[in-house]
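Here chain A shows up in two complexes: once beside chain B, once beside chain C.
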Partner chain A sequence: MSELSILGRRLPKVNAWAHLTGSARYADDIRLPRMLYGRLLRSTRPHALIKRIDISRALAYPGVVAVVTGADMPEKMGIMPSTQDETALAVDKVRYVGEPVAGVAALDEDAAYEALSLIDVEYEDLEPIFTIEEALDRDDVKIHDTSKRANVFKEVHLSFGDVEGGFAKADHVREDWFFFEGNTHAPIESHSAVASYDADGKLTLWTSTQVPHYLHREMEKVLGLPRTRIRVIATPNGGAFGGKSDPFGHEFAAALLSMRTKRPVKITLDREEVFYAHRGRHPVKMRIKTGVKKDGEITAVEFQSYLDGGAYASYGIATTYYTGALLTVTYRVPAYKFDGVRVYTNKPPCGPKRGHGTTQPRYAFECQLDKIAMDLGLDPIEYRLRILQPANSRTVNELRVTSMGLGECLRALRDRTSWERKRSERTKGKGIGVAGSAYISGAGLPIYWNDMPHSGAEIRIDRGGGVTVMCGTSEIGQGSDNLLAAIAAEALGVYPEDVHVVSGDTSLTPVDLGSYSSRVTMMAGNATKNAGLKLREQLVTVAAEKLGIPADRVNLAYRKVYDLKDPERSMSFVEAANLAEAKYGTLVGAGSYRPPAGIGGNYKGAGVGPTPAYSYQAAVAEVTVDLETGQLTVDKITTAHDCGRALNPVNVEGQVEGSAYMGYGEIVVEEQIFRGGLHKKPSLLDYKLPTSLDTPKLETILIESVDSEGPYGAKEAGEGPLNPVIPAIANAVYDAIGVRFDETPITAEKILDALGKRDNRGITKDRIGPTGLGDGKADPKRAMRRLEASTEARERKKTQV
Partner chain B sequence: MTDTKTMLTLRVNGDPHTFAAEPHHTLLEVLREELDLTGTKHGCELGECGACTVLADGVPILSCLTLPQQVAHADITTVEGLAKGPQLHPLQTAFAEEGAAQCGYCTPGILLSAKALLDANPRPTRDEIAQAISGNLCRCTGYTAIYEAIEKAAEMSAKAAQRV
Partner chain C sequence: MLRLPRFRFVSPPSIEEAIHIRTEHPATSMYVAGGTDVYPKMKRRQFQPEVVIAIGGLVRDDFRGGTLAPLADTLPSVAEEGPLPLGPLPLGLRIGAGATLTEVAEHPRVREGYRALSIAAGLVSTPQLRNMGTIGGNVCLDTRCNWYDQSLFWRTAEGYCMKTHGDVVCRVATSSPRCLAVASADTVPALIALGAQINVVGPNGARTIDLAECYREDGINYLALEPGEIVTEIVLPPSDGWRSTYLKQRDRNSFDFPIAGVAAAVRMDRGVVTDARVAITALGSRPVRVDASALVGTKLDDEAIGAVADATHKAARPMDNTSGTISQRKRAARVFADRALRSLRDD
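Here is the complex of A and B:
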């Protein structure tokens, strides 16, 4: 292959100009003639039967055009076909505060909002379940009747290699418990959907979604409208991070309201509703036991995860497996046992957030490895370098590893951060810590079983030399449109600005499974490359004929088609395209990509974990702890990321920095927490996102291992870099004050507690974190009493007014 | 349904606009819904995120907490008014080159906060930049690329001024 002309360069994104001039059209920016405004009524009860819904007063309110309830769409839905346990709007029962119950469409938003208070819902409260322990123990309360044991959603048990023998061989065994608190995506754009059911009986849905194809399937199922009459268009997402990859109630409600009224309907969630839509990071309790030889070589790992799933399935089956699947791909683990259980609780459903299911166990494992390094008197970077999983290998759970740049990442960090010097300076309150990680470049299997490609792309060349690339990916800000343009431009020898991108439209674009699991660069990238290379071949053939040279001497770059030996002998790209169209007919190239077979095992559960290639990354965090106030300041995060090849370094760095920022937020401040089933922080004032003044100095080092499977060698960059930041900060805090934080977030209050300064007793602690599962039956009626007390107080307040 | 619309006149991006709107509707709602200037975004409508930032006589304000009557005599600038005809503002060019807009949703607000900063302080330090955009939440970038873009725009403007 000749050298690359476009990829690898620091070019502006092709869609940057729309973002920077205010002309990008997000879902809520769409306004159609005769459009109605919709809003959803949400449950005020965490767990209750719906005895009666009366919509008559709402329907009579001036300006209200239609009202729909759960009974209008009783079909079960959900992102994973095997665990569909949701309905678009609640039917007969609500399972969390904030669950959508009814939808209103009105002439304006004010009227829709007013009408919500006129829908009369009679609830009969059921005892709620709020904790993992209660959910595991309480057989007498069922959130879903489908749970065989108590409120268990899914239980998985896997074992690989000789685990018992591994521990018997160990010189040192550590066992630790960890807790990772839940948190949410909080994209700045709230979810929004516009539905238009037209006179021809066809429905178009513009929506801020990461998964237009999966949503297309669910719309058919729930609305009973054939897919041939539904078109889903993913609008540019104003941030997503996994939070827009489920089908949501408001999307179906907008569609049904439009079908009922024969007018377009828009529903945009407000900020509080986004916290209820959630599908964010699962709270997870973890027990991890690792055996090592004297030199640190791992002999066996045993890992247990307890996931608090919230009220519904979402991607939960995959999340549960992901907590166990990827612990083996970074360091050599010859024997591994994994037990995972996800439970239902009466809280908004948890789902995939950046790092999906791997973030929590990675935190636990990397904190434990830091402890092991201390136990053995080893430097944490040197220790990790000794036990690396090799490139081009298989893990004990049969995952195929191709390129593996974790070693380069760690070495680069050691140099760049002056690690050895800073590590040897022992200043109380100042610390430096490290952690490694890995992530998938796209899930090895689709969400519904099929043999078709995971991604398809189509490229056309017009008579003026313009190139159009069409692919079902969703632009969520990660730069997927630019990626498609850059790869098409590279394959055809034009500039990205010559490429028009059509993405995420189920009527126009070949299926791509969506912008989740960091799959776009690998899968849509390969599909686009394949489509481009087919057209390139036609252009090369006609140019070789015309220039009178052999085909292998023809190159395409910079809008020229030329002889590699004598570049003066050339023609323009347009000329070559016109010759090719004359010879072959309309110039259309289609390409597709499906992950290769044999990248994972054949056991039950082997579908989660395999990927065409793993990205690798490591982070070093430098922190300062104020010993008087307990304030934790993260001074700097340096991340080294093996992205295979940086197709556009500006974009890759942006993904790495954004990940570091988000990881920082998760361990220092962000938590999605509840009291009596009520979200404690459903606003951006209370749920604090790091501002520019909070965010540490971020530095990025890109490592290019040039992967054999990736398009032009590229792997993912959007999710993996979040993972190492969290344990690196926890390990740095230990380095600073000698306290292990085996639970997140690390708040000032917890630091003061550890330093013996939270109260007057002065008792210091060397560790903050769980010591096991709590008692699920300690006081089963406590939550109920709390709920009743808060309801009574609310009622009292109402009657006083 | 309320029907108490009153006539209002606003000067936005140099153009006068006269229109009818509900008196309790915010400047944000009026810009987006009556004037079709949807470049101004909303992330919370509670004054928490900064996505709706616009300039009133050059000063950044939260349009979600402002009633149009409060700025009836001001010159309003939205992201649509940042470029002068086909000529992009240096901030727009620098944001594109530095990858400072990822999803682009906080971008209009940040561009306007940055414009106000540079107009008052043409060569700000990084701390001053961080302070100036601290009311604008960005969930994608980690802010680093935004700092670099604002610094680059300041340099570009300084060079352009030298040439004149």
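Here is the complex of A and C:
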């Protein structure tokens, strides 16, 4: 391959100005003639039967045009075909506060809002389940009838290698419990959908989704309309982070309301509703047992995860497997046992958030490795370097590893952060910590079983030399349109600004499975590259003929087609394109990509974990703890990330910094927590998303291992870099005050508790975290009593009015 | 997004007219100045006024070109004499209640003579909201509670609370006879520590009150003002010899209400404290002035500071209805009192 002309350069994103100036058209910016405004009525009960819904008063309200309820769309749906347990709007039963129950379309938003209070819903309360322990124990209360044991959604048990023998060989065994608190994505754009059912019986849905293709399938199923008559267009997402990768009630409600009224209908969620839509990070309790030799070599790992899934499946099966799948790809693990269980609780459903299912176990494992390093008297960076999983290898759970830059990441960090000096300076309250991690560059399997490509791209060249790329990806702010433009430009020898990207439109673009699991660069990138190379070949052929040189001497770059030996011998890209069109007809190239076979095992559950290539990353955090107030300040985070090749370093750095910031928020402040069934902080004031003034100094080091599978060597950059930040901060806090934080977030209260300054007793602790599962019997009727108190209060109020 | 309910917005030409309209609709009208708290609460249906009376422009004060002025009855006004030299203000300062928090925080005279106020005003919420929010609005800020500052949907699901529905219990402590919502204004403890008074005008005429006397230990009737009264001015006593500061605890460095706040002011004469005031916010339903007399006659030595920090700790009565925890916030009261007073020492 000749030298790269576009890739690797620090070029601005092709859509930067539209996003910076706010002129990009998000779903909520769409206003169509005769459009109605919709809103959803949401459940006020965490767990209840719907005895009756009466919409007559709402329908009579001035301005209201239509009302739909769950009974209008009873078909089960959900992102994973094997666990569809949700309906667009609740049917017969509600399972969390905030679950959509009915939808109203009206002439304006105010009328829609007012009409919600006129929908009469009669509930019969059921006892709610809020904790993992209760969900595991309570056979008498079923959130879903499908649960065989108590409220278990899914159990998985996997074992690889000689685990017992591994522990028998170990010189030192550690066993620790951890808890990772749930949190949510909080994208700045709230979800929005506009549906328009036209006179010809065709439905168009513009929506802020990461997965237009999967949504297309679910629309067909729920609405009973053939897919040929449905077009889903993914609008630019104002941030998504995994939170827009499920089919949502408001999308179906907007569609059905449009079908009923024959008018366009828009539903935009308000901020509080985004907290209920959720699908965020699962709260997970974890037990991890690791055996090591004296030199630190791991002999066996046993890992158990207990996931609090909330009320519905979402991606839960994948999440459960992901908690166990990727622990083996960073360090040599010769024997591994994994048991995972995900339970239903009466809270908004959890799902995939940046780092999907791997963030929690990575935190646990990296904190435990730090403890092992201390136990063995080893430097944490040196220790990790000793036990690295080698490049081009297989893990014990049969995952194929290609390029592996974790060692380089760790060494680069050691140099850049003056690690050894800072580590040796012992100032109480100041600390430095490290952690490593890995992530997939796209899931190895699609969500529904099929043999078709995971990504397809089509490229057209017009007579003016303009290039159009069409691909089903969804631009969620991560820069996917930019990346496709850059790859097409590289393949064809033009500039990214010559490329027009049409993405995420089920009628115009070939299928790409969506912008999730950090798959776009790897899969859509490869598809686009393949499509581009096909056209390149045609251009090369006609240019070689015209210039009278052999084809292997023709190069395309900088809008020129030229002789590599004598660059003066050339023609413009436009000339070459016109010649090619004269010879071959309309210039269209199609490319597709499917991950290679054999990248994972064949056992049940082997579908989650494999990927064409793993990204690797490590982070060093420097922290200060205020010993009097307990306030934790993260002074700096330095991340080294092996992205294979940085196709656009600015874009990669942006992803790494965004991940570091998000990881910081997860361990220092953010938590999606509940009081009874009610979200405790469903607003951006109360849910403490860090502000720019809180964000630590961020520094990024890019490591380029040039992967054999990635397009031009590239791997993912959007998710993995979040993972190491969290344990690095926990390990830095240990370095600062000698306390292990085996649960997140690290609040001032917990720090004071550990320092013996929470009360007057002055009892210090060297560890904050769980010691096991609770018994689940801690006053199980409490939630019910609370609910009754509220109901009584409400009833009293009613009788007084 | 949430939308405002329908209401009638009136912008009367005078304070008298504003009071008149307010008196005509005693149960269904509200005053508004910057609107940074009123409008969000209307969106969440915590306030549901039918008439909203704009008063911000009426209380920006009479001085052209500025919203702050030295006490004018004894000093020439800024407009007539041009800028005054900075330095201690022997006659004090008065601030129109409609001055924005940004104006207060950045005004050279406030920074120079009333540092605690400048700091506190500069720590309220975000720059955008400080550009709209007024000092008078902050003084009258509604008490807060995480059972109350929620949407109508959320509160419906919960079953409401005492603050909006008198017959329902207080959710914070179900046996509490009163509402436990929290005083959350940043500028108030600073103003109390600085010895501020406020001028108010109401249906029964004008009066001047010590700011410290303006609040009640009751999350619902938290202001000791008469119905219809408008805060027109904040009056600060002479600043000579005084030095002051304000420390705020919150989860983030921007945007958040205080979960503990301590203001301290001492008057020093040749290194010896001649007067001292400490006040706290966000640690109970009303801002509390703490007895700081132990400092008088000392050189701000450790022992005296320790005694006042203990008194501050004792005065702090946080409940579990804000971010953070009770013990963390109660502890912060002591630590911040200690740190605030130490920072006022001569270097």
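Definition applied: the second predicted complex is superposed on the first by the 789 of 801 C-alpha atoms of A that agree within 3 Å, B and C clash if a C-alpha of one lies under 4 Å from a C-alpha of the other, contacts with A are read in each partner's own complex, and residues count from 1 in each chain.
Rule of thumb we're sticking to: contacts are C-beta pairs under 8 Å (C-beta built on N, C-alpha and C of every residue); 3 or more make two chains touch, one makes a residue touch a chain.
Quick caveat: nothing in here was measured; it's all calculated off a predicted structure.
Visitor: Name the chain, either chain B or chain C, that contacts more residues of chain A.
Guide: Higher number of touched chain A residues: B.
Visitor: Report for A:Asp110: first if it touches chain B alone, second if chain C alone, otherwise both or neither.
Guide: A:Asp110 contacts both chain B and chain C.
Visitor: Touching A:Leu752 in the superposition: chain B (first), chain C (second), both, neither?
Guide: The second partner, chain C, only.
Visitor: Which holds for A:Gly238: it touches chain B only (first), chain C only (second), both, or neither?
Guide: first
Visitor: Would you check which partner chain A:Val650 touches, where first means chain B only, second means chain C only, and both and neither mean what they say?
Guide: Touch partner of A:Val650: chain B, not chain C.
Visitor: After the superposition on A, what does A:Gly658 contact: first (chain B), second (chain C), both or neither?
Guide: first
Visitor: For A:Asp270, is the partner it touches chain B (first), chain C (second), both, or none of the two (neither)?
Guide: both
Visitor: Considering only touches as defined above, state whether A:Leu693 meets chain B (first), chain C (second), both or neither.
Guide: Both: A:Leu693 reaches chain B and chain C.
Visitor: Between chain B and chain C, whom does A:Pro682 touch in the aligned arrangement: first, second, both, or neither?
Guide: So A:Pro682 only meets chain C here.
Visitor: Using the superposition described at the top, list the residues of chain A that contact chain B and also contact chain C.
Guide: 110, 190, 270-271, 683, 685, 691-693
Visitor: Could you please specify the touching residues of chain A with respect to chain B in the complex?
Guide: 10, 12-13, 15-26, 28-29, 31, 61-63, 106-108, 110-111, 185-190, 236-241, 270-271, 476-479, 650-651, 653-654, 657-662, 683-685, 689, 691-693, 695, 697-698
Visitor: Quick check on the complex: what are the chain A residues that touch chain C?
Guide: Where chain A meets chain C, its residues are 42, 44-45, 97, 109-110, 113, 190, 268, 270-272, 628-631, 669, 677-683, 685-686, 688, 690-694, 747-749, 752, 757-759, 789-794, 796-797, 800.
Visitor: Would you tell me which residues of chain B are touching chain A in their complex?
Guide: Residues 1-2, 22, 32-33, 36-46, 48-49, 51, 78-80, 82-83, 88, 92, 95-99, 101-108, 111, 129-131, 133-147 of chain B touch chain A in their complex.
Visitor: Name, in rising order, each residue of chain C that touches chain A in their complex.
Guide: 1-3, 6, 146, 149-151, 153-154, 156-160, 165, 167-169, 174, 249, 251-256, 323-325, 327-328, 331-332, 335-336
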